[in-house]
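You will see two complexes here that share chain A, one where it goes with chain B and one where it goes with chain C.
Right, the complex of A and B next:
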């Protein structure tokens, strides 16, 4: 319900083009014109289909854990250099067990299943692909089976990223400050950490060319993994929102549940607001300001254009938001002028009809 | 009875394709602007509007090419010397003469198929409003590549308003155009001419 995007409108566009083409079976010049139009749209369609397909291939891991098996011969499927990441000898020792999809145990205290399986393919496409297991899990794993205290290693994304800035790890201090203002922190949610939302073994930014609907579905999926109470047709607290399903399929939870000020285009704020502080003002998005536009859609459109090409981006541009072009006065004036014009034209037409009849009548009288 | 072959096949085809695109854009645009989901659902309206917009651009370029090399351009040349007199005559006819059975002040010929008022409005629409509409439409599609603000106002907002005002004006043109073509010798004389290519009049010529 939340994760499924609405049906893709593209086939309709395709039919429109084919329809136009069939309608114009006329002499040479028109054929040439239509051919040009078809090539134009065709290339756009071809461009639009390509990247989506390649993304699927990249994001969906192979069903069999062959790629994850720690054999050096699999190097071709992984984008990293030999000896790095999971291909490092130490990592291969780990993966000898952890590639198994059923690798898990039941926590005695909570009774929950703890998944210890690592998807090697997803890992090799993640931002951490070049890291070997021991780069993070550096203590207490030398003996087998691992001691139960090994699990308390208290990994910290911010510190680790700070220490590895020279290797290109992005600084997460800003994210930390945002997070510390968020409701996830101030409300003292038990054991809430980076890992509550982000899986370091699979994490990667969305690739250019991934549709906004997919981005929205996946991002919202992260929220709804925990907030399962919202998985109802009209979730609690959102009763005021018109067309909730349309909103959830095209807008991220974060677009309303983070502060409007100080947004940056490349990542959403980690300052997740409490329900009562979140934006409930429709015009923040549905107006000339379009806070949403600058945050998500503009940025994605720019990325997608580089990937999809000129025409497909023009045609499958998702950046229009209802209300963006609205201005109450302009609409009133426009509609009034149109109405007056229709009235004027109708009056003129009636005048012609009336005078014609009068003329005909007088001609008849004259002839009699 | 007189018959003039005024509109070659390419011109008629262009005219009706252009009309089809324009009406599609008008309907999808109105659905998007006023959120008229009952007219055309939003998910359909946006890609259809974008596609038709791109095709309208091509259509406009075809019009330009037809005028430059197809010999159609001569009808869009404004004769500045006779313009004021012709305009007054034409306006007077529409406001008065048409009601009292006065003769048409303008006679269609192969050299001049448009009267002064038509020439002026068509030139304004096709060389003035249409390029602004098309350019502002493209600017919408590529709003990310534009500066955030222009003269201290949001660029997208300026583009939106320009696109909107021109769309209103062209809707106005569509209404007037659809009506004024009924003012030929008979209400359907001009419509038939644009369908068959032949401009037929029962009287003289």
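Right, the complex of A and C next:
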């Protein structure tokens, strides 16, 4: 029924104000005002002992759950300079073919479809919007057909993103160090590179307002593209996990498969852990101090409340996570109900026993 | 007991009333309604008899032996093809034929089932249902459902030929509404009630006909031995032949006098119902086809590997004309899942055509009353190992059209009003080939890139059969001396791109008269096929061919004005008054925009078609008027097209169409989709003396219909230059491209670069 939203650092008085305001806007809910006040009291108590300490409000408005830190320049708001990016003449030459949405081929070695299509629209909204094709692909593309293997072209994110650039491009050295500890690197997965997961032609950080479910779907899509064996009823290595597909759609793989220590709100670690090192403890997430609150849900509460108001959020919370989303008062009420029920049953039983004895007594008296 | 005593007490009276309330409607529904329905619509129902015979056990065993041997031999032959030496091949085959595992794996499973069950006679569906009363259906999501087999099949489009289900049509009316969309009043539409210029009739009026033909040179094949008199036929001869009282009809083998040979014709030849008419009862929201009609279902035509198409001919009994079936034990013993040949028994007719050289069914025209062949092809894209890459690879029809029980999907894209059982089930190239189908060429990525804009069929059906009909004139029949009948005149046939094969944007939607809808995703908004491509023939070669055909027709029909004829046939919009033309322009712009813009459009190949037929001009709109069907026997025998229409519209059901209940039940809605305003006008187009009323006029439909072509796939498609050159097969301007893009698409520059490659 009622569930507690993730903790919010704002003073309780603001909660109250927003709550009252929202309730007034929604007449249906105003009837629940009294009850809600109860919940508020409870949540305030819960908040006091909750995981607020692991999370600072001022930290991030918009976390970027994948590779890069938040982009310093927002491509959509900054108009592209004339002759830059895809508008540059040589880029236009490339796009004469590469605009085709289905331009792709099946790799003869892996059997997988390699997409060669550039979505101009997505590119112009990506962090790399200002770059022309040749800024990265600088050799071997002047004639058609191009050279046979794109592997000849050893492109690497860190080559450009080493140290913070003048233009504000982020430094990815830290990511590189994390990646080099990850199972994708240490196990020597063939030709595993940044591009195995990240498409530089569409890459952009998640914007505030993207729902948790979308964040999860997009992030996990990256993993499940290769790990297709996990799309089965009893996924390999996850036999212990109840309702695996429900987990795939509501929590990121990375939330278990990166180290619990040292998480930062900005982005998940690139140190992807092997199965045996990964978190298998349900209570890490399904608890009041859920590990999910430090990354995946860290901006959720505030945003949801802005949109729906506290009460709708509390009642209709679509991200209900058993254990994490709980209300101490509801627990107590539940316990009380159970206690009262046992009491009622016992009283009823005693009543019957008592009346039976009286009846027997009176019969004995009568027979005498 | 006295009847009065039944109502003696109050309780009994109450009981009687309750009983009456239950029984009377039940009796009305089960007995009175079907009787009334039959009387009203003129449909006939009677127990159907076929030539079946109980085999003796010895005969059964003999037949079993023969069938098993021949199946085994066929399989052995297919296995030893690698061996070059004929003698060695023969020896290997002999070895295989005696190999235990080979014996176990080849043959027909039902022979053993029949032996165990003691089945020695095939009596039709009742024999099948003895074991298959219910079947398990696997749905697309993997769920399994057990259903009543007979009920399942009588509710398929293969039996009903129509559907009133919501969402069964990707077809839009010219009024802009999707046919039978959610929320609309559902009307039954499909082949049953949709007259068409290719067959010239619909299944009510064209179900089964015996045509008295007068071949001038005798018949080929089996019929050649029959005594055909060289004398010119006389009216008495035809009458004699038709009135032959024999319950099984009469024909070539029976020595009909005066050179008259009876031939079979009609829609029923390809439909699984064996009754005197299509399943008209299914068009009503209540009621069902009677049991006797269900007993006429031909299970074996789809399920018997050794079905004999020579048993498919029209027979006449006391009730009327109907189609015979192969109900032999020989066929029954070979039942199994439908093979390609089972599907092609009927469907090669509308793919490759009757005249297609590898059409197997067309080689077995009937032991008597041989079926008439149609020399013009409806689509001219055959499905057979000789003409289609998938058939050659051994792919089964049902590999792409994956059935659910007896319901078979047609695919989500449909331009026309052919009803679909599983309208939302995917049937597409991509579901097997993915979006990156080209793997061999150096240019594979470039070729794959084309998939975004071109359907696979656009390149991989380079052409249709030569006898693909584009323009068919039903009004001016010509004499077919070989068959001895009058046939509609095919004014123009071609299977070549730009002639009998055209390219249009298509998003899966179509119109009520089968026009592909779609839009150019990078176009300038000028794409408007209903006012341009499909409403006009520009190709000078085609126009010249139509002129030549018109001049030839003029020899026979001196009234023809060749210039007018050519203008009407190649510019059908010229038949519209200026007001009507303006209205059309308006309706296309206002009503069809949404259906054209929807979804993803790609360029598909289409077979264009138009026919000149008689139309009821009281029910006309900017896209055409209600076309009237022809009676096959009258048309083929006399060549009097007007008399053939007059005869066909005397059919009781056509008479009912022109009455109020039918109008309210469906014709008003039908007309609204047709783009005809003001509802259905019920003025019966036949005068008191049984001739056509003045509102009946010959016309070409105001635009060409466009039929989807998806078979006859060639491994090697068109090459780049077929399209990327100034005079390529794609008319980019008509397809709505901007001049700059046209210049780019037609330039030789890129092609030249590619061609440098060895």
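Keep in mind that, in the parts below, the second predicted complex is superposed on the first by the 199 of 368 C-alpha atoms of A that agree within 3 Å, B and C clash if a C-alpha of one lies under 4 Å from a C-alpha of the other, contacts with A are read in each partner's own complex, and residues count from 1 in each chain.
Just so it is clear, contacts are C-beta pairs under 8 Å (C-beta built on N, C-alpha and C of every residue); 3 or more make two chains touch, one makes a residue touch a chain.
Only a predicted model underlies this, so the values are computations on that prediction, with no experimental measurement involved.
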Check the residue A:204 against both partner chains and state whether it touches chain B (first), chain C (second), both, or neither. neither
Quick check on the superposed pair: does A:334 touch chain B, chain C, both, or neither? Answer first, second, both or neither. first
Where does A:236 make contact in the superposed view: on chain B (first), on chain C (second), on both, or on neither? neither
Can A:101 be said to touch chain B (first), chain C (second), both, or neither? second
Applying the document's definition of touch, where does A:359 land relative to chain B and chain C: first, second, both, or neither? first
Touch check for A:349: first (chain B), second (chain C), both, or neither? first
Take the contacts of chain A with chain B and those with chain C, and give the residues found in both. none
So in the complex, the part of chain A that touches chain B is made up of which residues? 6-7, 9-10, 12-13, 16-17, 20, 24, 26-27, 29-30, 33, 36-37, 40-41, 246, 288-290, 293-294, 298-299, 301-302, 305, 311, 313-320, 322-327, 330, 334, 337-338, 341-342, 345, 348-349, 351-352, 355-356, 359
Under the stated contact criterion, what part of chain A meets chain C in this complex? 96-97, 100-106, 113, 116-117, 144-145
What residues on chain C touch chain A, complex-wise? 434-436, 438-439, 442-446, 448-453, 744, 750, 753-754, 757
Per the touch rule above, chain B residues touching chain A in the complex are 9-10, 13-14, 17, 20, 32-33, 35, 42-44, 46-48, 50-52, 54-55, 58, 62, 94, 98-101, 138, 140-145, 148, 154, 156-157, 160-161, 163-165, 168, 171-172, 175-176, 179, 182-183
